[in-house]
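Across the two complexes that follow, chain A remains constant while its partner is chain B and subsequently chain C.
Then we have the complex of A and B:
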């Protein structure tokens, strides 16, 4: 029995907008599930229905085997960390953390012990008597975490908790959240639209699009075998290249290119060919080659992004080449790729052909 | 904490900017205030032909007058009741209106527009509502079996006055409280919902403390209102009747000075009021501006 089970969740807002359209998830105890998807896809809505801040229109929510979807938020034994932290401005850090326990009738000594313990974990011991307005963004974030930890809930819910922090702090807090969650072993659901955050934090990743889950699996599974064109394009940066092509009797035609596949899917007709920028190489040891016309170079330091065109193909193609690429080097280039790293999708259904 | 003060060093420009304001204060406040203090030491004959300097005689008369004592007591009780009920009621209405999802603007409009009614007009409206022959409220009250007689019964008259004063002041408080409530972020309220199951308790531990600055500010505003701005209501509703039982300190200044033509005594009362305002201002600076801050 999972720690958190969502069965056929639907959420239709009062204005008729269907934000969540039939979501089923079962989360194991201690698992870290990340919901990722574009803006407006309904990930916050889903999280808020778990918390009880939005009522669901249809479906069932079970937390630790208990059906909770009609319970008040405070009765669901979950804790949530908000994007803007939502700390109580008139209370000290200590009181912010103690408030939830106090309202649950926990005795003063236990509260004191739990708050001090959490403050120790989060390096907040010196700030317990400050008000939130006297803290930095990162410290506020920690207090918000502390407020969740002291409650020792069945599940943590995070709604983009790091998006108000600067890039460096974000990476640091990301690691801290992960370490903390591991050591506490608390089931967590984490919403983000940042795919790096999603990939690094998740035990399991759910890619949400327009209110439904497109694919769920471990980050590497999703990266290596995206089931739909949407998932393939959403996970990975820069996004996967998509080229239109035709598959006929195991022969793949892309523009002027025609290659014979070793392990062709059983399919004839229009296909979308996906190829990640990092899977285009300059070394000739890879099986197939592409003539490539360079248009723009984007040096990233360790890598260079090379934007350009393949003859006979309309779509712009980007390749991620390791090391710097000299700006005065020739503007045409041959790039190589492998069959194993090609992703083929049915052009009509946008589903993976395997 | 942020340093709120801006420092100008040695430049006369800021002083030039505040000259118009200072002139207005001097002409309309300082000069009349000095006049009042001056007059409070004089005994003037009713025709204004002669006046004699009498030191503190006006104050002695004032403070030994049983009538002034009862006026003061009435004013304090009246003020406390008006402040308490108009703040309480406005807070309740604001909380309710803030949780209404559909047609919130209709509620807001309905609850706010009394604010636009001038005190004297409000007084006359109330006069009709409480009229013995045509008053709707009068009918309702008598139907409950209460022999309501504001013309002769001091308690009934006070009830009527408090009721009308509260009615007139609730909209102002409502607007401020509603604005205060809407300033509390949604996620803060949601965080509280996760931390505390009881809505009542949430209100007193989260919402109310966050509204405290607004409430303090409004309390000062309401005290000023109950003391000074209710003049129009009293003048149209009771004129201090029955037998001076609904006379506030400000209304008594008018009665003694303009109707009784005792300028010295009336001025002494004005000076007492000025001291009260001064104390209120000090109180505001000490508590509202300093303490209620996070």
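Then we have the complex of A and C:
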């Protein structure tokens, strides 16, 4: 039985806006599920309905086998970490962590032991008597985590907990959260719009768009076999190149290019061809080739992003070439790619053609 | 830069002297005898009577009975000022809490209803207020002195604005921490409002202490007289053709000034400390 089960969740706000439109998820005990999606897609709303901070309009929520969707937030045995931490500014770190336990009638000794244990895990022992205002962003983040940990709940809910931190700290905290979650083995639901965060943290990833889950699966599964154009474009950075083309009797036509596929899908008509920037190569060992006109070079250090056009194709194409690309090098170039790394979508439905 | 700051200080000092000058004159005059004051007017330099007038002001009763000594009247004013300030703060905080955090039916209507009472200060409704208090049998009582004055739209409005700036996440975090409405109020909102409460207390205490019209209407027993009434009473013997004890009256004015000044000094420090420390 799943630790957390969402059945047909709908949420319509009072103003009539349908933020969540029929979501089904079953999360195993100890699993780390990441909800990722563009701004306004309903991720936070879904998370807040699990927490009980928003009532659902339809559906059922079960936590550890108990139906909880009509219970008060405090009765659901979940802990939440907020984006802006929501620490009580007038309480010390110790009191911030102890408050939830204190309100549940836990005795002082147990509270003390739990808080000190959590503080040890989070390297906060020296800061227990400080107020949140006397802590750095990363430390505040840890206190927010500590407040969740001491409760030893059935599930952690994270709503973009790292988005207020600078890039470097974000990477560090990301690793800490992952390590901590592994060692505690607590079921977690994590909301983010940062896809790197999503890819690195998730055991399972759910890509949300306009209130529904577009695809759910392991991060690599989603990266390698995106089921819709939306998912394909959302996961991966820089985003996948999309070119319009036609498929006819196993022959794929893109602009002036015409190639015969070894394993064509059974489909005739307009298609969207997806090709990731990192799957365009300069080495001739790959099966197919494209003439490429360079327009802009973006050196990233380890790699160079090369923006340009393929003749006969409208869309701008970007390729991620390893190493630096000399700025005075020729402005035209031949790029190679494989059939296995092509993603074909039906242009009408935007669904993957297997 | 340096010149500018010297100049700034000069201006500030001029302001301070200008404001404190009348107070000093009162104090200096209060140490003279009545005859000196009547003959030579207000005095610049302290006289030879020392703090005698203060002793008289505090201990001897000016009315018909022995009860209305300065000390007693100070006490009454203190009760009035404290009750007024604390009552106003408690009531307004509760009202604002209800308005901001509870989904009341017709919330906007209640808000405007409370707000419209600003148009009805005590002076306007003094006759009906008196009628109500007298029918409740609260004339000549502290309850009667304080209760009709403690509903305050202004303070409610300030607290309401303040609560609105408290981030919603705090309420949500508290909900997850099993804090019910009362605990959220007591453990989180009240401590966060400390600076607001200090500011309100300063203002309201001074206003309460200085109340004149309402206690004058409300009290017929001298044991409930307030210090502001007392000052007036000493001076009003002029009407009976007697020379008022100016020095005692001045001493009483000085004494009447002390508690509000003390409140401001004490709470201002607290207030600023709170401002520096608190962040939401």
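Descriptive notes on the structure:
The rule is simple: the second predicted complex is superposed on the first by the 354 of 354 C-alpha atoms of A that agree within 3 Å, B and C clash if a C-alpha of one lies under 4 Å from a C-alpha of the other, contacts with A are read in each partner's own complex, and residues count from 1 in each chain.
By our rule, a contact is a pair of C-beta atoms (placed from the backbone, for glycine too) under 8 Å apart; a residue touches a chain by one contact, two chains touch by 3 or more.
Please read all numbers here as calculations on a predicted model, not as lab measurements.
Placing chain B and chain C on a common chain A by superposition gives a clash between them. By the touch criterion defined above, A:53 reaches both chain B and chain C. By the touch criterion defined above, A:90 reaches both chain B and chain C. Applying the stated contact rule after C-alpha superposition, one finds that A:284 touches neither chain B nor chain C. Of the two partner chains, neither chain B nor chain C is touched by A:327.
Residues 51-53, 72-74, 78-80, 82-84, 86-90, 99-100, 103, 131, 133, 147 of chain A contact both chain B in one complex and chain C in the other. Residues 101, 185, 187-188, 190-198, 201, 205-206, 209-210, 212, 294 of chain B are the ones touching chain A in the complex. On the side of chain C, the complex with chain A involves touching residues 167, 169-170, 172-179, 183, 187-188, 191-192, 194, 277-280. Touching chain B in their complex are the following residues of chain A: 14, 51-53, 72-75, 78-80, 82-84, 86-90, 99-100, 103, 131, 133, 147.
Residues of chain A that touch chain C in their complex: 51-53, 72-74, 78-80, 82-84, 86-90, 99-100, 103-104, 131, 133, 147.
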